[in-house]
Every structure is written in structure tokens, then in C-alpha cells.
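For reference, chains read A, B, C and D in written order, and residue numbers begin at 1 within each chain.
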Amino acid sequence: MSEAAPAHTLAHPILTDDYATEWMGLSVLELGDGTATVSTTLRREMLNGFGIAHGGMLFAIADSAFALACNPHTPEEGHSTITVAAGVDVNFLAPAHEGELITAVAARRAHAGRSGLYDIQVFASPADTPHTAEAPGRLVVEFRGRSRTIPQR
Amino acid sequence: MSEAAPAHTLAHPILTDDYATEWMGLSVLELGDGTATVSTTLRREMLNGFGIAHGGMLFAIADSAFALACNPHTPEEGHSTITVAAGVDVNFLAPAHEGELITAVAARRAHAGRSGLYDIQVFASPADTPHTAEAPGRLVVEFRGRSRTIPQR
Amino acid sequence: MSEAAPAHTLAHPILTDDYATEWMGLSVLELGDGTATVSTTLRREMLNGFGIAHGGMLFAIADSAFALACNPHTPEEGHSTITVAAGVDVNFLAPAHEGELITAVAARRAHAGRSGLYDIQVFASPADTPHTAEAPGRLVVEFRGRSRTIPQR
Amino acid sequence: MSEAAPAHTLAHPILTDDYATEWMGLSVLELGDGTATVSTTLRREMLNGFGIAHGGMLFAIADSAFALACNPHTPEEGHSTITVAAGVDVNFLAPAHEGELITAVAARRAHAGRSGLYDIQVFASPADTPHTAEAPGRLVVEFRGRSRTIPQR
């Protein structure tokens, strides 16, 4: 299926050994200064007992986009901090269905010292939609993430 | 491994065909009027690139406990509504590690009309901890869920 | 003082007998379909013991903008519902000081059935800034409000 | 009126020159390690155009209880930090009415490094209820506050 094999996925240092993001099958479509766009196809293991996307799975897709937007995607020497999620306010607006293309678009909204605020919007569109950063479909989740930059262990 | 094969797991109508909860390997330890406790072992596919639990996976475990607490666990005839997550405020307090036992404890906090407010606390404890509702370990996530009861399609 | 006596303030049905908004001295600068902009000068009674704006007062200014954006500003006959705040996620990003001009800009972000999601941004700028909808100053609060439309009692 | 003149109010260092808390007429009924209880009578200037308590005013009462619980109430020498609200998730559960006694009860829920998580519950009860920490009435607001400890300027 074309949606499970996108033409390209971008590299990011934090994706090494990120087994959860790998399991979700995320393609990285865009990376910038405080921005990221990812997409995947909603699989059966991502559904709940009501036959729609499990909220935790939509959250997890958004959370990966959030982490990619928070952390620098270019190699840095002597890089001694990481940025993690301190918390999130998430609103589930509409259901998503098996086989749909899920796209999460993250953008930094505010930043002060070691704290940041990011908005991640999650969209769903029919299964045959090509994996691109454009036309992400109908809005299903609004996720507002709070980041903290901490020393790397 | 004893932690992957708990002595028992309780039945709940919404678990039928809940493929996400199944994938997470959740055991249902307790169910009551507005309460639920679940547990699982943190697997490799639940880790992010920092080598700790992916926030989305901890969220998903809590979200399943939330859904179990929101919806009646006893069979009801002519049951025509379902209760879903409208939104969540989640705070990530401490990391959790591969192999640890994760326990999510959900309890209703307030309720008015078709809206409810639930607190779900997620705990982590060492891998050899038995799956029980007692002594759930250190607190890693505070999840406050907002529910809405809607007509069943 | 020019900032306490703006040239104009717009009318809105919900402002009748809104004693709290009156006490805050809010000027209504803009009203649209799902949008509103208000401003006021930060007075002494709006300060906390740290000598900066009390979080509750900044919240209250944003909350009034939210209510104005949620409810229709044009007269409606047989109008039988009102829209109220069900909840809010608010982030305090920077302090605001006595005498500063505070501007709150509300805009609808999503809407489904009787539920809505609004973003209200609160800005602070020096005391001699004119009350206009433009150039609102530095961002001090991000307020995301969840609305519910309910029958009027 | 007995509700406007409670028998006692406790002292706390951050209340000096806290003009907002003074304006709200808050009585401090209890102070402990990470806890505080305050009360006041809902006045006309705290009402919105729907004739019920303005959400911002209920928020402000809770926010003052939060600040009292976050900061030490015993004098400390060489005390060089203050704790402020970084953000809040608030849920408005029921309306409150003019003349009612409003009580806000704050308690620390979690704490790690310079970050804390506090729950503040706001209750309303009829006007002739005595100002005490017991029997606070019906639950009208659930407020979950995120604190940050920062150097004092």
C-alpha cells in the first residue's frame, strides 16, 4: 500500500532506538526550528473497543511530533540537554477510523528559559491520501504540550 | 515471567475487540462504580529514543483505565449510550523504565449530567512486583480525564 | 488618563449587569464570529503580594474575552441558549505590571455540536500604549477555553 | 454580617501588599505544609452577565489558596526563592450565586525538584454558613495548579 511505504522519511537524532515511534510506523515529513510533521496509517492495534482510534494512540502520534519539534534535528557537538514533555492538555474533537492516514503537525507557540509551549494538531484523512505535509484532512485532536529542557543523564 | 501472566484479569464489555488494550497487554485488576485498576509490563515497543517510557504509551495505559472506569462493567439491557474521553490534562512527573510494572488507578472525582471528571494515577515499580491493586509503586503520571456520555451509533 | 478612557467600547448582550467585567474596566475593541478583543489597565487591586499581576485577574480578563467570543453579539429573537466555560487550560508565561495595558484576544479554534475550543492570548504593554486591537505587546498568558452551549434557565 | 466578619484569619508572608486577595475579602482558615484553606462571600462585582459567579473570580479565589499552599507560611531567614503558578487546568462544574460562601481548599499532590502539582477544590454554600474549614458545601470548581519555584528578584 502506498500509504504504508512513503517515498521518504527525515532523520532526527532522537529517533535512534525510539521503538515506540517505530512501532507506530511514523514517517517524518517535515522538520524545522520548533516544528515537525509526522504521519502514519491507523492500524488495528490502535483501535479501542468502540471500533475507533484509541485516544492513547492518537496522543502517542502527537507526542512523537512534539518530541521531534522540541529537540534539535541537526547534529550538535557537546550537546548536553534534552527536552521532554512536562505535561499536555489534549482535546479529542472527532473520531478516527481504521486505515485512515493520521498526520500530526507540531509548532512552537511560546518559549521562555527552559520551558516551551507547543501546539500539535492531529488530522485524519481517507486511506488513499498520499503522505504529504499538505492537505492533512479533518481535525481530530488538539494537543497543547508543555516542554522542559533538562540536563542529559 | 510471572508479571506477564497475572493470575486473573476481569471482564468488561468494552474490552471486546479493544485491540489497543490487548496490544498493551493490560490486566484488569479492579472494577467498581467509577473506578478501575489496570497493569502491564513496560515493553521495548513502549520506549522512546531517550530509553524511557514513551509519554504516549503511559498515556494510553491511563486512557484504558479511564475508559473502563467511565463505562458500566455490568451487562445492561437496552444500553444506548457510551462514555468517551473529551479531553485530558496530563502531567509527566518521573520516567518509567523497560521491564517495570506499570499500574493505572482510575477514580471518578465529579459528575454532572453527561460530563464526568476522573483522576488516573500511573505508578511504576520494579519488574518482579506482583500484579496486585496494592502498593502500586512510585507515582509517574497524573492524568485528569474529562468524559462525555453520548448516544451509541 | 487616556488608557482608562478609551474612545469607544462595543456593545454585547451579555455585558448587561456583568459587574465583574465592569469592575475590571474592560473596553471591548473587537467582536466577530467567534472572536473578541478586550483591554484594560492593570490596577493595584489586580496585583498579588509579589507586586505583579495576580494570576486570577489575568485569567478573569481572558475569561471575559472568551465569553464575548462564545456568545452571539448580535440581537437574536427567541434566543434560548447560552454558552459557558466548561474548563480552561491556562499557561502563565511572563509577569505583568501595575499600570500596564492588558489586551486579551479570543478566537474560536474548533467547534463540534455544543462544544467549542477557543484560544485566548493575553498581552501586556506599557501604560501609555493606546487601546487598539493592533500591536498588543508581549505575550503573558496562553488560555485555551472549552465551551459548552446549554439551555438558558 | 457574620460571613463578612469571620472570627479570625491567619497570617502569611505573601499576603503583605496582596491587593487582589484583599479586594476579594479572603479569610485564611488553614495553613499547613503544602495546604491552605480560604473563604469569602461572593459579592456583586464577582458576578457575570448571566447572574452567576464570573469564572475568573472563582479562579482568582482558588489561585490565592494555591499561592498560600505553595509558599512557606513560616518566616525563613535568607529566603531566596518564591513559588509561582506556571499553569492551571480548571474545570467549572456548577454555578455559584451572589451572597454564597465560597471556600477554596488547596493541597499538594506531587512535588519533584522545582515543580509541584496542587489540587484546589472550590465549594459554595448558602450565605449564612459559618466560615470554618469543615463542611465546605457543594463542589463548584476543580483547579489543578502547576507550580514553579524561581529565584526571588
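Everything that follows uses one rule, which is that a residue touches a chain if its C-beta (ideal position, glycine included) is under 8 Å from a C-beta of that chain, and two chains touch if they have at least 3 such contacts.
Everything quoted here is computed from the prediction, not taken from an experiment.
Distance between Cα centroids is largest for the pairing of chain B with C. By number of C-beta pairs in contact, B-D leads when B-C and B-D are compared.
Measuring from the averaged C-alpha position of chain C to that of chain D gives a distance of 22 Å. Note on chain placement: the centre of chain B and the centre of chain D lie 32 Å apart, centres being C-alpha means. Remark: chain B and chain C have CA centroids separated by 37 Å (rounded to whole angstrom).
Shared interface positions of chain D, i.e. residues touching 2 or more other chains, are given as 86-87, 89, 91, 146.
Within the complex formed with chain C, the chain B residues making contact are 86-87, 89, 115, 146, 148. Note for the complex: chain A touches chain B at residues 13-23, 44-51, 54-57, 59-64, 67, 82, 84-92. The touching residues of chain A, when paired with chain C in their complex, are 89, 91, 93-94, 109-110, 112, 117, 139, 142, 144, 146.
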